[in-house]
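Same chain, two partners: chain A is paired with chain B first, then with chain C.
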Partner chain A sequence: MSAKRKAIFALPLLITVVIFGYFFWALTKPGRDPKILPSVLIDKPAPEFDLKALVNLGVPGFARKDLTSNGKVSVVNIFASWCIPCLVEHPDMVKLGQRDDINLYGINYRDKPEDGLAWLNKNGNPYHRVGRDPKSRAGIDWGVYGVPETFIVDASGTIRYKHVGPLNTGDLEDTILPIIESLQAQ
Partner chain B sequence: MIAELGQFALIMALLAAISQSILPLIGAERLDSRLMAFGSHASLVQLLFVILAFGCLTQAYIVSDFTLLNVAENSHSTKPLLYKISGVWGNHEGSMLLWVLILAVFGAAVAAFGRNLPVTLKARVLAIQAMIGVGFLTFLIFTSNPFTRLLVPPENGQDLNPLLQDPGLAFHPPMLYVGYVGFSVAFSFAIAALIEGKVDAAWARWVRPWTLTAWIFLTGGIALGSWWAYYELGWGGWWFWDPVENVSFMPWLMGTALLHSAVVVEKRNSLKVWTILLAILTFSLSLIGTFIVRSGLLTSVHAFAVNPERGIFILILLAIAIGGSLTLFAIKAPALKSGGIFSPISREGGLLLNNLLLSTACATVFLGTLYPLFMEALGGGRVSIGPPFYNKTFIPVMVPLFFLVCIGAYLPWKRADLVGVLKRLKYAGLAALLALLIAWYISDGGPLLAILGLGMAAWMLLGTLSEWADRIKLFRVPLAKSWQRAKNLPGSSWGMTLAHGGLAIAIIGMISTTAWKVEDVAVLKPGETISVAGTDYRFDGVREITGPNYSAVEATFNVSQDGEYMTTLKPEKRLYTVKRMPTTEAAIYSTFIGDYYAVIGDQDGKGGWTVRIYREPLVTWIWFGCTLMVFGGLLSLADRRLRVGAPAEKRKKKKVREAEV
Partner chain C sequence: MRGFILSTTILFALIATIGIASISLVQAVEPDEVLDDPVLEARAREISKEVRCLVCQNEPIDSSNADLAKELRIVVRERLVAGDSDDDVKDYLSSRYGDFVLFRPPFKASTFLLWFGPLLVFAIGVIGIFFFYRGNRTNKVATPLSAEEQDKLQQLLQDEHETTQKITRNNKGEAS
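Coming up: the complex of A and B.
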């Protein structure tokens, strides 16, 4: 059999190799997520809001002015006691909360205040401020459509990044922290 | 405790699969009958352990054991029992477990029903089947463990996505998976044949029933899925060319081609290399179908949560399975002897053309599904591909196929007289022309392409019926004799007539509902009436109702035509309390000639409600046609089992002797 004819039998393999090349490229490219449509809020000022504190939590409530009060980059995390993925990313929030060069703010979204309080007491409160948003008033302005969501807001109060869903392994180190650092450098 | 038992069972199943994938292969190489027989035992052991694991997870769902992460994320104590059970596979981990379960069932079925297989072939098939099992059990245990415990269990679960809480969708994934996974058997047979370097008619006879089984389930699964989309999503559509739909459709197209080419191998000992390639590609597309939407490569409305590490794992697994089998193909296939020669105009030629058209159609769907990814890789930015692409590429490929279906069925093997065949089809042709004119008249000049399409579908249906009538000599011999002949027709022949006829009927439904659908949206106050396509829908207001895990608004429509009462439609808008997710429950009144479809939307705040009404002509024909296709497949399957069984005893003895030599 001629080499040419033999080569034809390798054609399916070659095509497959090329296609899988694309697959690997797409999967390993950092930050690529086909689900995320860029939020319309990116590079827009954060919305106006003034949320009351969770009583007895020991940290104050959270309002628009807290984003611009101390010249630090802020991470705003939307969470709820009924949200299991929030528990998954909670250790990452604890890590962020230990840093004093950023603000970590929480919005307790669509939750009964006592449930939110109990959840934070049980799992530890990493947030510097927590605002309660039981009726999703602020949530709508922030464009929240699922919990958890995490926003990065720069020192001037402009939203610079939005992450939908829980922070998975590596998201904190590969995406969130580099963005925070680049904003701090500005 | 039970969850730990399930975890343990999974690990045991993995061990069984590992030994099953190695020992029988060695046995087949050395002609050691004990090692070869090990494959059958191991496949049963593997199945028992996977059943145990699946049972444990199901138990956790039924008793709402929220200490399991998987249950907590996807179930809720107030959920009806049916959806507690279907919740087992309504998520990534559980659906993987179901996938592995079905794979183990097929493996054990080959072991149980394959008694008359040559022992070396059987050993190799079981080993390949086990290798697939090893891959996916590993994936399950290491990246998608359904038995992960929660340190802090919640009081109640997060509930299953309300869209999935529906009887149609409770059974859609299992059927689809039986279809996908069923093709693994054809794949394992193909790889085993490549290792043995031998493909013959007997091989094709063993492969066909498995392929047919998979095809029947895949057809049913896709039809069920599109039916679900039709009544649950409330858009009045039944196919959206969404990536998830496409990836189930591709193995169907390839599997259909495989089904037809295996006939040529069986009857004429020809097209062997091509059939092997099709078997590999069909299962490869099934794998891609199950996994591409979970890897984060493409996005879709009904994808599961994505985790990039899982994606890489899946991709490596697929690369090994598909790349490995195609490498083997590249090395071994050139040495396979090609069989009988045939003229282009013959049944072989017809089936080959069928294969080429189906593969091309599959390639266009593949391209359309992955084009956004390719464009992005080449720096073209994000693009999306919609129905216009498929209308321009997929449909033109399918049209000649549909046109040729009934001609092909008439062609004899080896060499055919095309003119003679066309002469025998002249009545069908005339009747189809008449049908075309009637369609034109009724639709009052509607879209030309749709009318031509209906004519073509009529040609396909009538040509298929005419071939059937010819076979039983209808009207040429007394009816009693025709009846006798019909009863004696082999099941596979009945199967072909039903499947081709069913396809034609489904196409008539698709064309009609696409071309002549009427929809209207209005804001109505109670008591007001909207008229859509000659039918009056009087809106009689709404009332609040409460279900087990949702609250809903139910609207009432009084439907009448020319003042005569027809039916009452009660569409709902539900809000599932736990997920806080609204769903629409369309109300549909189905008739033979079309559906009356009503959806209730939002309130306008001034006492009015948004109302959407659809009139969908002949839409139920789509699913009626699919049902016929499934039924045809079943008849053909029943026939094959009988025919394979009869001469098998002798062959078995002979083969065993051969193996012992």
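Coming up: the complex of A and C.
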């Protein structure tokens, strides 16, 4: 038997090793969560929406045009009073809200207006604008399937990044702020 | 006999109850969502069975009780009432949530491997088997022996013949 023919017998083993190697890589890749869906909206224009304000909150409602009105990068955060992880990332939202070189907008997702208002009054309102989305219609247009979700939108109204779930320790400094800075530099 | 009829009746009643209960379990569609037009409603149900609930992820929105699933069911019905085709509705959802929202992935360049991968593996197997057997057949074609090999073969056959004869003679000797 020639060496060439012997090599054929090694082929199935080789293919198996390659496939299992891929499985191993995909399963152990850091930061890979199969429950997190890649957004199809990245690098697409933000959807059309016009959301009413939370009465008595003291900030106006939130519409599509607010993303492109002042030439700043926007962070759009989807939150709800019933959402426990939203409380986890709230300090990060407060930090973002203190910056005046970005817009921080909130969408109050599937919430009663009085509950949303009470939650913001209790924990502090970091948002420059808050829109009510009681039936999650704007949320569906944004491809939201859970809360919290955080989007980064550039000054032209194009969605550039999406974070699903709460911002955990380090997410703000390691991911969100560098993306904001790179968009500001453009 | 009466006992038998009674127990059978109870059994059937039980089965019917379980049946009705399970029907109401799989049906998450609430009365206020149902469309008046039965044709549109039937289409909505068919689409809903193929749309993934993104909160539960392995359940179609048709049978999910999640808030988002309910809202998506209503959106599907609104699109149908507005005159969308079934494909339009699916495009509407996948443009927001990606192909993952559809249980059946669509045909396109990025899903080519998904659809034709098994066929590809099968084809590789067939080609492999073809070459394997072709290789065997070419090996079977006998090359004539060289003069040297011919001599060796003669020698071996001769040895064998002599050995057999010797054994036969010995056996005969023992027998007599």
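Rule of thumb we're sticking to: the second predicted complex is superposed on the first by the 149 of 186 C-alpha atoms of A that agree within 3 Å, B and C clash if a C-alpha of one lies under 4 Å from a C-alpha of the other, contacts with A are read in each partner's own complex, and residues count from 1 in each chain.
Here is the rule we use: a residue touches a chain if its C-beta (ideal position, glycine included) is under 8 Å from a C-beta of that chain, and two chains touch if they have at least 3 such contacts.
Predicted model only: the values in this text are computed from it and were never measured.
Enquirer: Just to be sure I read the superposition right, which of the two partners does A:K135 touch: chain B = first, chain C = second, or both, or neither?
Expert: A:K135 contacts chain C only, not chain B.
Enquirer: Looking at A:F49 after the superposition, I want to know if it touches chain B, chain C, both of them or none. Which is it: first, second, both, neither?
Expert: Neither partner.
Enquirer: Please work out whether A:T16 is in contact with chain B alone, chain C alone, both, or neither, and reply first, second, both or neither.
Expert: first
Enquirer: Let me test your reading of the model: by the given contact rule, A:G143 touches which partner, first (chain B), second (chain C), both or neither?
Expert: Touch partner of A:G143: chain C, not chain B.
Enquirer: Is A:L41 in contact with chain B, with chain C, with both, or with neither (first, second, both, neither)?
Expert: second
Enquirer: If you stack the two complexes on chain A, which partner ends up touching A:R5: first (chain B), second (chain C), both, or neither?
Expert: Both chain B and chain C are touched by A:R5.
Enquirer: Among the partners chain B and chain C, which is in contact with a greater number of residues of chain A?
Expert: B
Enquirer: Scan A:A26 for contacts with chain B and chain C and give back first, second, both or neither.
Expert: In the superposition, A:A26 touches chain B alone.
Enquirer: Could you pull out which residues of chain A sit against chain B in one structure and against chain C in the other?
Expert: On chain A, the overlap between the chain B and chain C contacts is residues 5, 35, 110.
Enquirer: Which chain B residues qualify as touching chain A in the complex?
Expert: My answer: residues 69, 72-73, 150, 152, 154, 158, 273, 277, 280-281, 284, 295-299, 303, 305-309, 311-312, 315, 318-319, 322-323, 326-327, 329-330, 333-334, 370, 373-374, 376-377, 578, 580.
Enquirer: With touch defined as at the start, can you tell me which chain A residues reach chain B in the complex?
Expert: 1, 5-6, 9-10, 12-13, 16-17, 19-20, 22-28, 33-35, 82-85, 87, 110, 122-123, 165, 168-170
Enquirer: Help me check something: in the complex, which residues belonging to chain A touch chain C?
Expert: Residue positions touching the partner: 5, 8, 11, 35, 37-41, 47, 110, 135-137, 140-143, 145-146.
Enquirer: Using the touch definition up top, name the residues of chain C that touch chain A in the complex.
Expert: The touching residues are 54-55, 57, 67-68, 71-72, 75, 94-98, 100, 128, 131-132, 135.
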